[in-house]
Each structure stands twice: as C-alpha cells, then as structure tokens.
Amino acid sequence: MKRHLISAADLTRDDALLVLDTAEELAQVADRSIKKLPTLRGRTVVNLFFEDSTRTRISFEAAAKRLSADVINFSAKGSSVSKGESLKDTALTLEAMGADGVVIRHNASGAPHRLAGWVRGSVVNAGDGTHEHPTQALLDAFTMRRRLGDLSGRKVTIVGDVLHSRVARSNVLLLATLGAEVTVVAPPTLLPVAMGDWPCEVSYDLDAVLPKSDAIMMLRVQQERMNAAYFPTVREYSRRYGLDAPRMAQLPEHAIVMHPGPMNRGVEIAAEVADSPRSTIVEQVANGVSVRMAVLYLLLGGSESAIGTPGAGE
Amino acid sequence: MNIVIKGARILGGDATDLLLRDGMVAEVGAGLSAPGAEVVDAAGLIALPGLVDLHTHLREPGREDAETVESGTRAAARGGYTAVHAMANTEPVADTAGVVEQVWRLGREAGHCDVHPVGAVTRGIEGRQLAELGAMADSAARVRVFSDDGHCVSDAVIMRRALEYVKAFDGVVAQHAQEPRLTEGAQMNEGVMSARLGLRGWPAVAEEAIIARDCLLAAHVGSRLHVCHVSTAGSVEIIRWAKSKGWQVTAEVTPHHLLLDDRRAEGYDPIYKVNPPLRTAEDVAALRAGLADGTIDCVATDHAPHPVEAKETEWAQAAMGMIGLETALPVVQEAMVDTGLLDWAGVADRMAVRPARIGRLTGQGLPLAVGSPANVTLYDPSVRFSVDPAGFASKSRNTPYVGLELPGRVVATFLRGRTTVLDGKLV
Amino acid sequence: MNAASKQAEPAEEPAECDLRHVAGSPGKAVLEAADIRRALTRIAHEILERTKGGDDVVLLGIQTRGVTLARRLADRIADVEGRPVPCGSLDVTMYRDDLRMKPARALGRTELPGEGVDDRIVVLVDDVLFSGRTVRAALDALNDLGRPRAVQLAILVDRGHRELPIRADYVGKNLPTSMRETVRVLLAENDGRDAVLLGPKDSLQGAQ
C-alpha cells in the first residue's frame, strides 16, 4: 500500500515523533564528509513544482540526493504545463517515468489530493495553495524541539495571515498533535470566519499573548493582500502585528522567534529581530533537509510507507 | 394510439386505471379497457403529472460536446420530465428571438419533452443592457422566464427595470443570487470546511443579500420574482418573510442541495463543485423544511452538463455544476418522501404543478384527471439502485451521486399521450 | 509501523525486538549468563592480544544488542588496562540490502567516539553472525564515516550459513544451527536477563 503525506493531519502522534526522531539521526549526515546514504538508490523522486519556490525545491532535492535517489526536477515554467497540459496528463507522464515519489508544489489547494488519485507513487505535499505545507510544519516542530525540548504543553503563537497561510494550517494541526498549545494572532480579516474545529486559541492582540509564548512564528504578509482591504496600510499592520525589538523583549527569556521565509523585513518582522540570537530562521532552513530526508525515507525506503494516510483509490 | 395504464396509484392513492386517448386523459377509474389500446401494467407504481423543470442547461447552441437539446431532453424524459426550461447561458447567449426560437424548434424536433427556452435578462448575460425581452416573449418560443443564470443581475437598476418590464407579458425574472464582489474567486461554502481545506469561501450572505434586495425591489414595483437554486437557511428565511408580506416571490431548490453538504469537498473532487456551492448540513435541513412547508415552491434540477476534462482537474480550475435530470425524482424521494417531509401529492405539486405555474405553461403540471393533457410519469418507489452514469442518456457524466444508492425508478413517461419512456428505456 | 511485522528470509535477524522474547516457548538456552560473561572476558583479552595492547582500538557496536556488547567489552578492557577504550554505536538500517522487503523502520543512533575512526583499528561488535549481510551493511556504513586502518569483527554467537565472504575475528561461541532454527540473544540491559536461546523458528519468531 502506497501512502502519502498531504496534510499534517495525516500524521498520528507516533508518526510525527517517528519523523522527528528519524530526522534527528539523519541530521548527522550533514556533518559528515560523505553526506550521502545509499538508502533510496534506484528510486526516482520527481519534484513537480507548479509554483516558483527555489528554497523548498532545493531542500527536497538535497534531501532526495543525500538518500541517493534519482531526482527529476519538473517545473511548470517552460514545460508543457505552461502550454495548457492538465495536471492529469502530467500525472500520467510521471507514471510513465516510473516515479516512486512525487513532491508537488501547486497554487491550487487540493492539487496533491488529486494527484494522489492518479499516480502510483507516494505524493508529498510541498505546499498547495492556501491549504497546507506539512513538511514545513515538521521542520518547524523539529526546530522547536531542538531548542525547547518536548513540545507537549509548550505555548506556540502563530502571527499573521492565517486565512491564506498553508504554513499556519499545517502547524496548527501538527503542533496540536504533538501536544503544544497554539494561539493564532491576526487581524480578524486575516482569520477564517469559522474556525470551529481548529485545535487552537484565537487572539487579535499580539501584546497580550507575547509574555506567555515559548515560540512565536511570524507569517509572511503576501504582497497581494496589501491592496485588498485586509488591513488599511502596511504601516498599521506592522504597528499592530509586526514583531519589533520592544515586542521581542516582552517574550520570556527562553522564547524563540521563527519565520518560514521569505521575510518582509520591516513588515511582519524587524531586521534586528530576524538577526537576533533568538531567531531560528537559518536553522529552520538547515533542518528542512533533515526532515525531508526523514519523510522520504519513511515513505519510500521500505516495502511500504511507515507514515501517512492511505492513498485515494487504493 | 390509445394507452390503458392499469393499476397505477395516482399521487400515491388507491390503484386505478387511466385511459389516455388523443393526447388527453380520457377516463380514470377501475377496470378500464379500450379496443386496440396498448396496456401498461402499473401495479404498485405511483402516477404523477409529467415533471416540469424550471432550470435545465441543455448547452446547445455552443457546447454540444457537453449536451445537446436532443440528448438533454432524452435525459429529461428518462427522469420523468415532460417539460424543461432551457437556460439562456449558451454560446451564443439566448438573448434574441432568433436563438430562443432555434432552441424551441430543436426541442420540438427531438420530441422527448417540451422545451421552453429561458431568455437572457441582459445582452450577452453581461448585466449591462436589457436584452430584447419583449421580442423573445412574442416569438414562437413564447418566453415567460428570463434569467442571466450563471451570472447575477447585480446592478440594482437593471434588476429593477427587468422586473418592471416583464410585467407587460406576465413574465418572471429568475435571479441567480450571487453578490459578485463577495464571491470573487470563491470555491466553496465559507465555513468550517473552507477554512480547513484552504479553499476561498463563498459566503451565504452573498446569496442572501441579493435575495433580500430583489424581494424588496419586486415588492416596490409589484413584479414577479423567482429565486433560482436557493441554497442557504438564511435565504429560506428571507423568502418566507417576503411571502408573508404577500409579495410575488417564488423559489426553487435543486435536488443536490437537498441531499449533499459541503463536507463532500473533503477530497477535493470537483464533481462536488457547483454554483451555488453545497452548504452545511444545517442549510440542507432548512431547505428541506422550506420545501416541505411551501416556502420554496419547487425543485429544479440545475442540470449542468460538463465534459470529463472540465472536472478531472484541480478544484479551483474545475467547472461548476452537476447533472441532475435522471436522478432528480430518486433524490427527492430520498430527501423528502422517505424522510416523511413530503407525500406524493406534495412531490407532484413541487415538481410539476408549481413549476408549470411559475413558467406560465398551460398544458403542463395539471391534475391527472379527465380532460387534462396526458402528461404522466409512472414511478416505482420500492426499488433501490446504485447510481451508474454509464447508463445515462445525458452526454455528460458529472453526477455527484455516482456509486450512491438511491431509491426509486422512473418506469414510464408519457408526453401528451405518447410514450417517451417505457420500462425505464427511451422509446 | 511495527518494524518486525514481517520477517525477511534468509537475511539475518538481529535480536532487536523485545516482543519476540516474551511470550511462547522460549527455546533452549544454549548459553547462560555465566557463559556469556566468560566469552566476553575471553574476547576482551583476545582483542588486547591481537591489537598489541589495544592502543588504537575503537569498539563500534551494531544496533541494538551489538552496542550493549561493545560497552561490556569496553568495560572489561578498561578493567584490564586501566584506561578507557573509545566505544560507539553504528546503525546500519540505511545501508541494509533488505530494506525494501519490510516497512521502513525507526533508526537507531550512530555515535562515533570523539576520536573518530580514521587510522584506528575498528572492532565491529554484534550479537549473532548469520548470513553476513548486517556486517556487509556495517562495512559500507563505516566506509562513509571515515578510513580505519583495519576493521575487525567480534561476535557473541556464530551460527553459520554465511551468504557473503565474511568471517569473525573474535567469536564467543560457534553454534551449529539449522535454517529452521532461530538464535536469540538476550542481554540484561535490553531484555532483563542474559541468555542465548536456540529454538525452532516458530517458537521464537511467532511469539507475536
């Protein structure tokens, strides 16, 4: 049975801990002179990127290559996709190439679900529209665990455009699975109108939440939100929801500052905060490779996947 | 050709016979026979007046790959329909006498059921200038229902003028209620599910605000308003209020909004993508109650055929709409009859009598009594079946019910005494 | 998810899963705690002899029970020589040739002593030597970690049936077995007691 990693909700607590523990072991490989394991030799991983995201693609590529998989990068620009080929036809092409794993980034929410119904390989969601980005959540959890230890009972605050953020969705789900207490903070316009089943608290007041946060995660403000009446001006957003040095001083001493990148310095995060020792932003990038190695190994390394949900139609 | 229907239960009542002669119901009673008449054994079957659909997309002219008047009316006959209203959003748009007469003529030639073209309210359904409503009303197609369906007549002035203008020929404006700014890029009902799935929300208020405004406009100018595919509990409330004022407001609900809710979107299969979107289970319950108490006048299919490739895609890129003619009666039985909300007389009222009245059809939706045109649907409510679109007469396969088990089966349909469907098959 | 839900044959099965040691008929004990203690003491002395005092020796235990054995050997050598011996652990999961025959499993820890392995005499330590495939994987793993001057192999039980040209330098006990039998090593640190069990495959593996 093939399995996929499409939503952070696909992971049980045991699954999530297995990924994080495995990533912890695999992180050592980065420190060796030979940064390669033979585990996925002869397996093909396709990076199917319909949306530009150099950092995520490189991270997955490095992860697959360190496991000795053959990596095929397929980006929509300049390919048949930009000439109107459908996702389904692209999926059939991947089938013909014998892809064992497909890492997909797509601007449409749910595209990985659709793909999983059309290919035999395991599908890994590398970000779909405004839905989810589960490996980002895993690397964030990995980063937090390294800095803070066990996450159960830890208080994590996620600040910004929750409505459109796949990072926020996956993080809320995964952190709840791992026992953390999550609070999302945003102007009401950037929160879903109905969050009935989200396992988190909601606040409009960043300053009230800061002193009880063990980790604070700042989300990127997308350019297209700035002109769509979600908030009056960038300046006002920054004043109410940006993390600057005085606000950072309100955090407990051990608290860390996170950002999935790319940052808008001076908008959601001040430069001095981004560059402070509390910031884990560079670590997050490094940890991304280890976590993605763990995901690829656990999905593709054995006779069947060790994590994730059964695929559609199987 | 004379036909004797033996042992049918008219509107679910006691078994009786019907003699159809010269296109009319000639006799009703026990032990009927006529020399040379074809005999149809209807033991255990319900007899309903031939069903009337106020909202059908036949796609011709323009998208004959999805449906044609011929294939769509075959599907209608198989679903027990003797009349359908063909929506105006074709290519070219049915906004002139020429186009509506073409559709009307194609329907006559096909002969599976009556086809009543709906005229566009505005030219090109662009919402800016009124189409030639009078010319369409005066044409051979005798258009009485006008709609920009697929688009909302969102401009309050245009809507007001349309409502006023159609009074001259007893027409009705059927509004697709969707506030455009509130639904830019919208993908599914805005609520818990859209928040989880990360699909752009389609708020109920975008429908309700337009319905409220249109009710007030209709009241102000003393016109008839018909509300297409009501999908929210709030809409039902507003229509109930408007009716309590005595305003001339009617409304329809689709079979799929009576049965399915937005949790269907979970797997991102766009077979469940439709306009208006599937709403919550609470909305479904309110729609059922509204149809049961008559707040919602009728069931209309919004049969919306699409080719396979329009649905085998990402959710956001997929076309909106579902086919529904061949499953409407079973879905209504499942949602309304088997739940005890509506009896068969109620089904006849909501699926034949009232839609015919709203569309000002004279020979449809009449009681199965001596002297009525012989438009009859025979229906077996006792069987259950698994929906398999492979057997559909429609050219398209985009049914949300595939694999679902539903009750009932249309056994026969008669259009003015002529058999269009017998033993579930087209004649 | 259980790493041991399927048995690959005929690859050797390191005694890694506690579940196998609990229920069912445990098989016959062919070595008791005292035998194991004596065997390890002898191996410790042999290592010192063969490496001329063990100055450059690094002990690397193969996960899971090999690690326990390596630590015990290190303790014994330290007792004899009066100085600590570098000791580490090696997880060979990612190098196994039977990975695709079972579900992906959790990784054990690979931990090299601070001195590393370059120019050292690495003694790999494992509980049972069977087909030789685990040792092959360990040699490959070691190759990616550095360049030892020499690699030797210490084993508690050699049960025969090699599938690769691999032999042990230090053997606690040669145990002739049939392919229908299974050897299980129990160690106090992992299993609560010391013993080596020999039994029919079903009684030891089918306990789950």
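The letters A, B and C name the chains in turn, as written, and every chain counts its residues from 1.
The criterion applied here is as follows: a residue touches a chain if its C-beta (ideal position, glycine included) is under 8 Å from a C-beta of that chain, and two chains touch if they have at least 3 such contacts.
Chain identities (UniProt): A = Aspartate carbamoyltransferase; B = Dihydroorotase.
All figures in this text were calculated on a predicted structure; none of them were measured in a lab.
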Central chain (by mean CA position): A
Most remote chain, CA-based centroid, reference being subunit A: B
Distance from subunit C to subunit B - Cα centre to Cα centre, in angstrom: 74
Distance between chain centroids, defined by C-alpha means - subunit A, subunit B (Å): 45
Computed distance of Cα centres, subunit C from subunit A, in Å: 39
Touching residues on subunit A, where the partner in the complex is subunit C: 14-15, 18, 21-22, 25-26, 28, 32-34, 36-39, 67, 297-306
Of subunit A, residues touching subunit B in the complex: 86-88, 106, 108-111, 113-114, 128-132, 164, 166, 169, 192-198, 312
List of subunit C residues in touch with subunit A within their complex: 1, 6, 91, 94-95, 99-110, 140, 144-146
Sites on subunit B touched by subunit A in the complex: 187, 190-192, 194-201, 203, 267-269, 309, 312-317
